[in-house]
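By letter and in written order, the chains are A, B and C; residue numbering begins at 1 in each of them.
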Amino acid sequence: MDPRAFLRTAPEPTLPPPPGATGFFALWRARLFADATTGVLTVLGLALIVWAAPILFRFLILDAVWTAPDGKACAAPGAGACWAYVWRKFPFFMYGSYPVEHRWRVDVTLLAGAALIVWLLWRGAPRKGLAAFLFFAVYPVAAFFLLRGAEFLGLPVVSTDLWGGVLVTLIMALAGIVFSLPFGVLLALGRRSRLPVVRAFSVGFIEIMRGVPMITVLFMANLMLPLFVPPALSPDRLLRPLVGVALFASAYMAEVIRGGLQAMPKGQFEGAMALGLTYPQRMRLVILPQVLTIVIPGIVNTFIGLFKDTTLVAIVGIFDFLRTVETARLDPEWAGPTIATTGYVFAALFYFVFCFGMSRYSLGVETSLQKGRTR
Amino acid sequence: MATIAGAPPKVRPWNDPFWRGLAYQVALAVVVGVLIVGAILNARANMQARGIPTGFGFWDDPARFDINQTLIPYSATSPNSRVFWVGLLNTLVVAGVGLVFATMLGFALGVARLSRNWLIAKIATVYIEAVRNVPLLVQLLFWYNAVLKPLPNPRQSIALFDLAFLNNRGLFLPAPVPKEGFVALPLALGLGVALAAAFAWWARLRQRETGAQAPVGAVSAALIVGLPVAAHILAGAPLAFDMPQLKGFNFAGGFRLTPELVALTVGLVTYTAAFIAEIVRAGVMSVPKGQHEAAAALGLRAAPIRKLVTMPQAMRVIIPPLINQYLNLTKNSTLAVAIGYPDLFNVFAGTVLNNTGAAVQIMFMTMGVYLAFSLATSAIMNAYNARMALKER
Amino acid sequence: MTKRAALAAFAALGLSVSSAAAGPTIDAVKKRGQLVCGVNPGVAGFGLPDDKGQYTGFDVDFCRAIAAAVFNDPTKVRYVALSAKDRFTALQSGEIDVLSRNTTWTQSREVGQGFLFGAVTYYDGQGFMVRKKLNVGSALELSGASVCVQQGTTTELNLADYFRSHDMKYEPVVFATADEGIKSYDTGRCDAFTSDMSQLYAERTKLGQPDDHVILPEVISKEPLGPVVRQGDDQWFNLVKWTHYAMVTAEELGVTQKNVDDKLKAPNPETKRLLGTEGNFGEGLGLTADWAYRIVKHVGNYGEIFEKNLGEGSRLKIKRGINALWTKNGLQYAPPIR
């Protein structure tokens, strides 16, 4: 007998895991009832869901009034969310008082804006430079003439007093991003500049803007901008909060971009300098392309904040989306106990869809950037 | 420039970084200066032309309007300066209460989101994502207009054990009324705190020397709660409660929180808590896994690991953004204006500004207050960062 | 170079302001081809957009009257809806030419804030509305009540005065707009809603059950409402003032929108002066001789616009009361045109 007979020539087959450690039930037991405390918490959580879910389901779907000619059905006792009201007021929510026969202009503007944004944000899309040029330079001008109208184009002028709803909310957000990104880059570079006056100015602007609540900036813009310019140049009522939003967003954008600048390895600056590039060339060709890529998540997050903050313009009397919801709520035709809730649920859904979508996008970018870094 | 042979060739001033930098700076200073001076000149001319008051004459004029929540004595005959302080205190109340509750809820949610319990983690995640992605103003309006206003009227209040009453006029709670001998209570409380601190100090010393642990938490709680209760009984119940009672239009007596205050606090707390939860999660996740594993290898159980190993390290990461959230909460309290809570911005930069027309002065004062909050926050943060910087060998 | 040009421009802007301020408003209006009028965003009867978004109401008709006088076309008006808080800054900043938005004439608004009130188009007073089931018969029984009120109005100040002078306690609940205030009153946040009487009647029609609410008899303040202009342009001030007086005079003389063309041939010298067939009283206002004819033709006389917007022709059914002509025991009295 071979003395080495006790040695195995083939590995022992792997034993199955002990009974009750795998499979559907084990997985959920580990997830929900690992020990006494988690068990109690699970029961409490389940109780919460069992309590809340039917209420929400009944209010939002089962008892909801889906179609109705006026508010009578919604005012009936026991009625849930009044979606009929949202449906009826939908054009008002979208366009405010923008003349009905010209609303296609709004649609065209918003669709073009959406297309450009997709082009810009879709990583891997070709000719980003062209997209950026169109979005930051051509689009604002074209949108202005299309929305406001111009006699030489044959489009009648629509006074900004009539603009409202989602249109104004998106204008606020888009103008905020179009203006705040370039201005934020300048402020961030200024803050890291060697020149003391430039630095002091940038730091002062950024810190003051970030130190005060946005609503005070909007009030400043609304009440005091007309005082600071000659009466002949008194800005439009819609333009004033737009300026406020843009300046406010720039300060936050500058800090995001500064973070990116600080994350750039020193060698990049030195390498570019060694090539004999001038300061504008160094920034434009070497530093900023890298910085702007790594701060995309930060920019998107700032934009989410900006988008949510545009609701504050409602307080200074601009008919943004939230204000149209607020105004519609007061319509005596649709008086009812659930109207307010319905309006707010709809508004919340609208903002949630936008913000959540953007935050998912920013997470995606972050993950893929991380991949490139870990190698 | 010297002209010694072998020195670098003479640089034209417009190519010299020094002169060029100077030129840029002078240009910027001139542009900004002209803008500011122009704005001031315009503002002065415009204000004169339109008869807007300049100067601070309005400060001592009577305010002439009433405010429904005042922490310091105030009436319609009080000067506008009093409105400023009333508003500032109301802002501080909402911010103070808000940040305490937001911290508690935020930490609970942050820990819940990391919980090993799948259900709890998912509930926390849904809450955080839902709340973070909806504007605060929408939430405030929802709480105020959709939740609090439809509550029943005072005659049909929702009563909790006949102690607290909730109706569309607010939340009514029993108000503590000190009586004779009340002074014993704060004394007992002070004594309790002092004794608890002494016990904790002793326990620490002993643990350092012998390794034996003492039940510091239980003893402290007993001292801090027990002593005042004992004093209360011994001193013959010097603390009575004024119960809210239905009288005339409304409840009288007791302690009242207006629906505006409740809505603003609830809105700010639920909103800020979602952000704090994310900060807490990031903080906990920033602690290297090895720390947890090493502590587990030492035989520590889950709770002590969290208390002694993970959290102290996580707090280093958590605290700076947490303080930032406190500042955000204070700044967001200006949204009070949308639901009529009389905070600084609403009554001072709103009503007083409207009654006096002194827009420039009032706006700059209001912004100054918030800027001061922000500077104080930065100072605290810098001090904290300096103290907490890793002390490496 | 461009920088320097910009600099020079800014410097010039800074220095040229004093001369740019307060040009004759009428010229600016004519050049623009449009009157810019600040109105109430939502008080039935005074200023309210109808289903098509067109503004209607008593104050709005006043704007139309001015436009009729200037352009012979009452539609050449751009309306700017203004909240109580915004209205004065909008007028101060020159954003609007005239504010016709149920604004109370007070001393401090003229002396302190640099405005002028053209005339009293509506004599109003502040009152209270309460629920019938509270069984309150007088405002003096409101001690301890919560009162909904609009922020930044004389209403808010009068409310404080009234309760203080009667030594009563109350809780003010302030809202940025009247609509929000009335909505909050309706949901029960307040026991009473206070505003100008005319507005109380207007708001009551919007409540779910108008008959469940009563308007208390006390009138706690004088609220003369009228159009407001900036100080410093007397011609424009006169134009606004006499637009109102022309409408009152027209009512007094029995000139209505319907019969105004017939009245052109009337022998009465007063009517002739009003309608411009004798003398040229429009010239001093920067208008044509038939300025008042245009107003009556396009908009109507005072009584007509009152009845159409506030009186029997409307849902509000407000009685003329003290707003009747002086010949009918009211206060509306126009100085003669001569």
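For this structure, a couple of remarks:
Here is the rule we use: contacts are C-beta pairs under 8 Å (C-beta built on N, C-alpha and C of every residue); 3 or more make two chains touch, one makes a residue touch a chain.
No experiment lies behind these values; they were computed from the predicted model shown.
Using the mean of the Cα atoms as each chain's centre, the chain most removed from chain B is C.
Here B-C and A-B were compared by C-beta pairs in contact; the pair with more is A-B. Separating the CA-averaged centres of chain A and chain C is a span of 42 Å.
Separating the CA-averaged centres of chain B and chain C is a span of 44 Å. With each centre defined as the average position of its C-alpha atoms, the distance from chain A to chain B rounds to 25 Å.
Listed for chain A are residues 223, 226-227, 229-231, 315, 329, each touching two or more other chains.
Residues of chain B in contact with at least two other chains: 38-39, 42, 46, 49, 52, 149-150, 337-338, 359. Residues of chain C in contact with two or more other chains: 13, 17, 21, 89, 93, 176.
Against chain A, the residues of chain C that register as touching in their complex are 13, 16-17, 20-21, 42, 49, 53, 78-83, 86, 89, 93-95, 176, 179-180, 183, 186, 206-208. Chain C contributes residues 3, 6-7, 10-11, 13-15, 17-18, 21-22, 84-85, 88-89, 92-93, 112-115, 134, 143-146, 151-152, 156-157, 159-161, 163-164, 170-176, 184, 187-189, 191, 230-232 to its touches with chain B in the complex.
The touching residues of chain A, counted against chain B in their complex, run 28, 31-32, 34, 38, 41-42, 45-46, 48-49, 194-198, 201, 207-208, 210-216, 219-220, 223-224, 226-231, 304, 308-309, 311-312, 314-315, 322, 326, 329, 337, 340-341, 344, 347-348, 351-352, 355-356, 359.
Remark: chain B residues 27, 30-31, 34-35, 37-39, 41-42, 45-46, 49-53, 64-68, 75-77, 149-150, 153, 168-169, 247-250, 252, 259-260, 337-338, 340, 342, 350-351, 354-355, 357, 359 touch chain C in the complex.
Listed in rising order, the residues of chain A touching chain C in the complex are 97, 159, 161-162, 222-223, 226-227, 229-234, 237, 315, 317, 329-330, 332, 335.
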